[in-house]
Amino acid sequence: MSERLSIDPAHLTEASGALLEHLRATSPLVHCITNSVVTNFTANALLALGAAPAMVDIVGEAGLFAGAANGMLVNLGTPNPEQRDAAREAAPAAHGAGTPWVLDPVAVGALPIRTALARELLEFRPTAIRGNASEVLALAGAGAGGRGVDASDETDAAGAAAARLADGFGSTVAVSGPVDLVTDGVRCVRIANGDALLTRVTGGGCALGAVTAAFLAAARATDAGLDDLGATAAATLVYTVAAELAAAGADGPGSFAVAFLDALASVDANDLAARARVEVGTLAVQAAGATGAAR
Amino acid sequence: MSERLSIDPAHLTEASGALLEHLRATSPLVHCITNSVVTNFTANALLALGAAPAMVDIVGEAGLFAGAANGMLVNLGTPNPEQRDAAREAAPAAHGAGTPWVLDPVAVGALPIRTALARELLEFRPTAIRGNASEVLALAGAGAGGRGVDASDETDAAGAAAARLADGFGSTVAVSGPVDLVTDGVRCVRIANGDALLTRVTGGGCALGAVTAAFLAAARATDAGLDDLGATAAATLVYTVAAELAAAGADGPGSFAVAFLDALASVDANDLAARARVEVGTLAVQAAGATGAAR
Amino acid sequence: MSERLSIDPAHLTEASGALLEHLRATSPLVHCITNSVVTNFTANALLALGAAPAMVDIVGEAGLFAGAANGMLVNLGTPNPEQRDAAREAAPAAHGAGTPWVLDPVAVGALPIRTALARELLEFRPTAIRGNASEVLALAGAGAGGRGVDASDETDAAGAAAARLADGFGSTVAVSGPVDLVTDGVRCVRIANGDALLTRVTGGGCALGAVTAAFLAAARATDAGLDDLGATAAATLVYTVAAELAAAGADGPGSFAVAFLDALASVDANDLAARARVEVGTLAVQAAGATGAAR
């Protein structure tokens, strides 16, 4: 714990912009095993951002690819039997090869097969776990789960559950909500950017899991000064600021989704500097009140 | 039959607007087992409208979820073996729990596996059946089926087949076409709204099945005065009026699809009142000529 | 070889426009077995163009449908076991029925299961093979394959491999890249149209495979004077000119994808005449220098 990098909002915001540039320059290959509803949007979000997506979700290929990719996502939204076995192949392969990987436990708690699978995959120590409050609570063993992909628990209530997961599996945990929370069990980043329209587009959360894998990959290939917590927070910051840019000119969820892909391609360090609403602290300090805030 | 609600175009149009507001206020959870081509568009259509989509199409979860959801869709567009078994689990669960559910028999008649499955699922008495004329004819045992998702029979020709299905399985049957026809075997609503661009976007018909499930769910949770026939007609009316709003500013099928999602989020009772082209009668009266017409 | 139609850039461009009109008038039914990431975009591209898509990818239906469709695509992007068996059913059925079909060997060379399947399917002599340089090299037995759907070999380097495939299996081979190359092993068409934004949208290459199947189907039903090489080149020309039209007003990859669908619906012979950048020659002549060029 004592070796964790200290972090402050201004530094995080600046380093996020640098990491975004590095990501675009190197185009990390992001392996996705994700649900059938959002494959297209997820691939387009990665392409817009500057990463290279590859959806490889069959047995006999997923493990090979997880070892070769720069980052990986396992999203449990529609886990048919082939995908489940592909995930069982890919997670240990990523873990063994040191490929950073993200687990998105969609609807865990509400539905039994994915809940069991998510617990099984935790053993391969996902670099990051991204979900809404219900899912994080359910994955940590508390809460009854949501009614699908909606969040019915408050983000804050999930802080303790997130810390438990982080401690137990060495993961960074990102809890999506009106204010996003990212923690490694000790340090905690809150990001108040974003727009409600992101919840009116399917894959608004799921694609962030893939983007997080891209940022984790980029951070490991540079010296931008962001560890896994920082890279996960950077992904959330870039993603939610892009959502704000997109919402500004949108007439509804359809035009928002289009503008969001455009914004992922154009968002830059200046946008982050102008818009970031980031707080940094420890979970204990957070519980007691705010700490530093950039804007 | 004698207890069926009477209905007239003006009342239907007004009640459709009220039901739409209720739907947005309560955000019914709509369980979809649908084809791989349109999952994304379907989920986005439901989100835009104000409903909460969840695609749960694996064995071991589909049955559980069908019992808990507010409405359900089974669309047979790409029925792989896992989806077929999930549908076999979900249809009796929905039927048993009283969850209103919609069967969309895509390409039934033209292709054997889905044809057999559709007949099997009919035993669980779908609340509504939505298809084009070819599919409705084929499902009722007449006609040779279309060449896929196209309609090669006229909507009118399917009226008798629709009535047969309605009588046989207690379903409301909606036949899509230039003029949409909705019947419970006795009463018949014709809706002449819509735009040809809706046929140039994949999922233009399929998403209506999901939207119908959302309206059926909403109608059962309110006293807006619409039974299943009315709720199914309301879904068609709202959907096709939204298509008209979208077409007004579209440059082609790509921009139309985007504007359509925006329109699903914005369409309201005033739009319905201004644009509804609805006729109501009985199937027999319909065959002889028009009855009441709102605009 | 001596019976191959001669072809020149001006004629190819003019005949492509005529074939496009014929395609729109007859709306060929295009059977697609394609990957889960791009099904929606592919279907929408075909609909926008004026063709009729049908995604039929299950065992027991795929073979039947391949015999009845006007054209077929097998894309190996996410080849789950059911799709693999469906492809094994559909390819011989298309071959036996004379249905023109396109093989898109996505990521062949990089991943083992699809590589083996692609080699197996070659025996059923695809009418056209469409891939990037890496994939064409790998399918022909040279090169190590790319890192997914990216092209890491130059299009030119793939010329010899393309010719080998063309000779071995009687196929027209289309290699996508900044300059697209289409060859039947002797004659060679190069098309320098397109826009880099097409590589920032998932399915930008995959949908061209489906569009190629539509043009092959249209060419066989008319006397527009284009054989398989000509029809494949026409598909590429129409597709890449539409990309240029779309890019003109796009703000990024999201708005480009929308405008591209609009452009597929509006592109016509005049656009082709104004923008075509086509060279025609033989592979040997091409290697030595340019031949005729239209603009």
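First chain written, first letter: the chains are A, B and C, and each begins at residue 1.
Here is the rule we use: contacts are C-beta pairs under 8 Å (C-beta built on N, C-alpha and C of every residue); 3 or more make two chains touch, one makes a residue touch a chain.
Protein names from UniProt, one per chain: A, B, C = Hydroxyethylthiazole kinase.
What you see is a predicted model; the values in this text were computed from it and never measured.
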Chains touching both subunit A and subunit B, listed by label: C
Interface composition of copies subunit A and subunit C: same or different, split at half: different
Turn needed to bring subunit B onto subunit C - CA fit, degrees, nearest 5: 120
Averaged-CA centre spacing for the pair subunit C and subunit A, given as whole angstrom: 36
Multi-partner residues of subunit A (each touching 2 or more other chains): 36, 40, 257-258
Contact set on subunit C toward subunit B in their complex: 29, 36, 39-40, 43-44, 47-48, 52-58, 60-61, 64-65, 68, 82, 257-266
Touch list for subunit B against partner subunit C, complex: 35-38, 40-41, 77-81, 107, 111-114, 147-150, 199-203, 251-255, 257-258
